[in-house]
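This is the structure, below, for whatever I ask next.
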Amino acid sequence: MKRDPLIPRETSPWASDLQVSQWFNTREEIDLKRFRGKPVLLYAFQMLCPGCVSHGLPLVKAVYEQIPREEIAVIGLHTVFEHHEAMQPPALEAFLHEYRISFPVGIDRHEAGKSIPLTMREYGMQGTPTLILIDKTGRLRLHSFGPPRELLLGVCLGRLLSEHPEISEIHDKSV
Amino acid sequence: MKRDPLIPRETSPWASDLQVSQWFNTREEIDLKRFRGKPVLLYAFQMLCPGCVSHGLPLVKAVYEQIPREEIAVIGLHTVFEHHEAMQPPALEAFLHEYRISFPVGIDRHEAGKSIPLTMREYGMQGTPTLILIDKTGRLRLHSFGPPRELLLGVCLGRLLSEHPEISEIHDKSV
Amino acid sequence: MKRDPLIPRETSPWASDLQVSQWFNTREEIDLKRFRGKPVLLYAFQMLCPGCVSHGLPLVKAVYEQIPREEIAVIGLHTVFEHHEAMQPPALEAFLHEYRISFPVGIDRHEAGKSIPLTMREYGMQGTPTLILIDKTGRLRLHSFGPPRELLLGVCLGRLLSEHPEISEIHDKSV
Amino acid sequence: MKRDPLIPRETSPWASDLQVSQWFNTREEIDLKRFRGKPVLLYAFQMLCPGCVSHGLPLVKAVYEQIPREEIAVIGLHTVFEHHEAMQPPALEAFLHEYRISFPVGIDRHEAGKSIPLTMREYGMQGTPTLILIDKTGRLRLHSFGPPRELLLGVCLGRLLSEHPEISEIHDKSV
């Protein structure tokens, strides 16, 4: 993660919808549009990726625990692109339980015969962990592969929290 | 450090001037007014305070190294209120050299016969480490005693960096 | 782990054989008797046990990497007693690959209808991680449940390495 | 610290006496001969050496707290060879208090006009931290410069604790 890594709002693309085959820790399906008006932290990980577990996860949990939930949304995305047999839904469910992960986590949907799941492909993620920040208007403002840096992630979140877009700037504002 | 700890701008006081008897790592005396227009992180510490060295210092160094210097000012303040004989200027100088601290550090000025130095008293600091954030207008927006939390410090800095005050809101704008 | 936790040799029991249904990282089945003459560190863990992964594993890897292999044997035992569906052999294989575990690891054998596997039951283990030390003669000298302490584990290993038993004291010395 | 770093007893030299100008945390002067019959850990450090404080000290404190005091002696030696003015006795006293160091610590004696103090020179230490292990007979068995490795230090201590020398092998046994 580089210095001041936020993409300027004007040049940033709209964040694509998530393609999820199954959700955990939420009673209803999650649509990113639901969160217009607050920033979203999307954490793409694999349960058997050591860097995801030891570096990324503690930081994402810190965001979920230290920043009020009405101000920011935290979502996990299980983007399995290797060892598919080892990371099936019951394994993920046990993992979420053992690691006490209580924010919503979706399984990135697979297409038959393809190793890389749909959302991962759509976003062009290079691997795991990948950390995505979406702003209040629905724009993708950070896309960071590799171990995140706590201080800079905080700075980015502080910046996104401070933005106060006009209603007219919000994507798909019917929702 | 609590959740979202910034004091709202409207209710925050102007930050007092520093009372410094000697500066290190800077050729000229530092006046906080010089930094109007960018946030200031003021780190009050003692070189023989274990929590200051092991928890606070690495974080303050991270701020100094990871956020561009034209965007934020980092200043150390050596607020000695105990073991005075052990923390005289030559000891501090050796400490700064050994711990590779390159941002400006001032010695909080002592009044004869008083244990607590002047700036520490003026700011009402309860001990070390104390982390102070001053916004672009010169207002004191965070005053935090004890081990700082990296993520929340980042969020505060991101918020302060995002503020764009009018000239008329800046304290002592003649400078 | 308490101070000086080794069981005295005279009062310690012989270590039971392992009941393993499948081995990884070894071409041949492992029989503890093979290691008579050198101490054995047996690490009982579950791949989805956070304490096993974050505390126990780095220490066991340190033993494997820092102490010459001709002096000590390191063996992992996957003692699954919960989330059975999530920790099947292909999942363990992926885990060993991702966490770069290169010492031999066996899967503790399950009996139909029982949750606790055979070796775990035979040794009376209370959970994972459990660290077992077996001395050069085949006696069980340490049985420790919970996060191990690096310094004390080192002291125990140093003591076991320094023992020079007579041939007549070695269990089942025909092997 | 390399693998299995203990010097064999037969080829190891007798440990030299300490040259100490002032002791802390002990009512009487310490003579290494007093400890014949148990291993001695001698920790040479400087209070303003970051590696000594962050890496060596926690480990030496662990030895002092986790291994019974009747089995091993832990001694600190303040070997100041730079920033002499900053590390005078009152500074060391404040340091020992703030860092809660309760084992005996001696100040390595300086000769007028020499930067390197006497014991440091006599032992041929290259810098700080240096960790020295002396066995039950009074022989120097480990001399390690740089950050110590916890597991290997434990192994060395376990080995030394397991040695049971004859009275005739002990140096200067009149004491």
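By letter and in written order, the chains are A, B, C and D; residue numbering begins at 1 in each of them.
As a working rule, a residue touches a chain if its C-beta (ideal position, glycine included) is under 8 Å from a C-beta of that chain, and two chains touch if they have at least 3 such contacts.
Since the structure is predicted, the reported quantities are computational estimates derived from the model, not experimental observations.
Give the chains in contact with both chain A and chain B, ordered by label.
Shared contacts of chain A and chain B: no chain.
Matching B-D on over half of contact pairs, by residue number: which of C-D, A-C or A-B?
Overlap exceeds half of the contact pairs only for A-C.
Just grab the chain with the largest centre-to-centre distance to chain C, centres being mean Cα coordinates.
So the chain farthest away from chain C turns out to be B.
Taking the mean of the C-alpha atoms as each chain's centre, how many Å separate chain A from chain D?
Here the centre of chain D sits 51 Å away from the centre of chain A.
What's the distance between the Cα centroids of chain A and chain C, rounded to whole Å?
The separation of the two C-alpha centroids amounts to 38 Å.
Any idea how many Å lie between the Cα centroids of chain C and chain D?
One centre to the other, that is 34 Å.
Quick one: which residues in chain B touch 2 or more of the other chains?
none
Could you draw the chains as nodes, link the ones that touch, and say if you get a line, ring, star, complete or other?
ring
If two chains touch, include that pair; go through all of them.
Touching chain pairs, listed by label, come out as A-B, A-C, B-D, C-D.
Under the definition above, what is the set of chain D residues touching chain B in their complex?
On the chain D side, the touching residues are 48-50, 53-54, 82-83, 85-87, 90-91, 93-95, 97-99.
Note which residues of chain D are touching chain C in the complex, please.
3-4, 59, 62-63, 66-68, 71, 149-163
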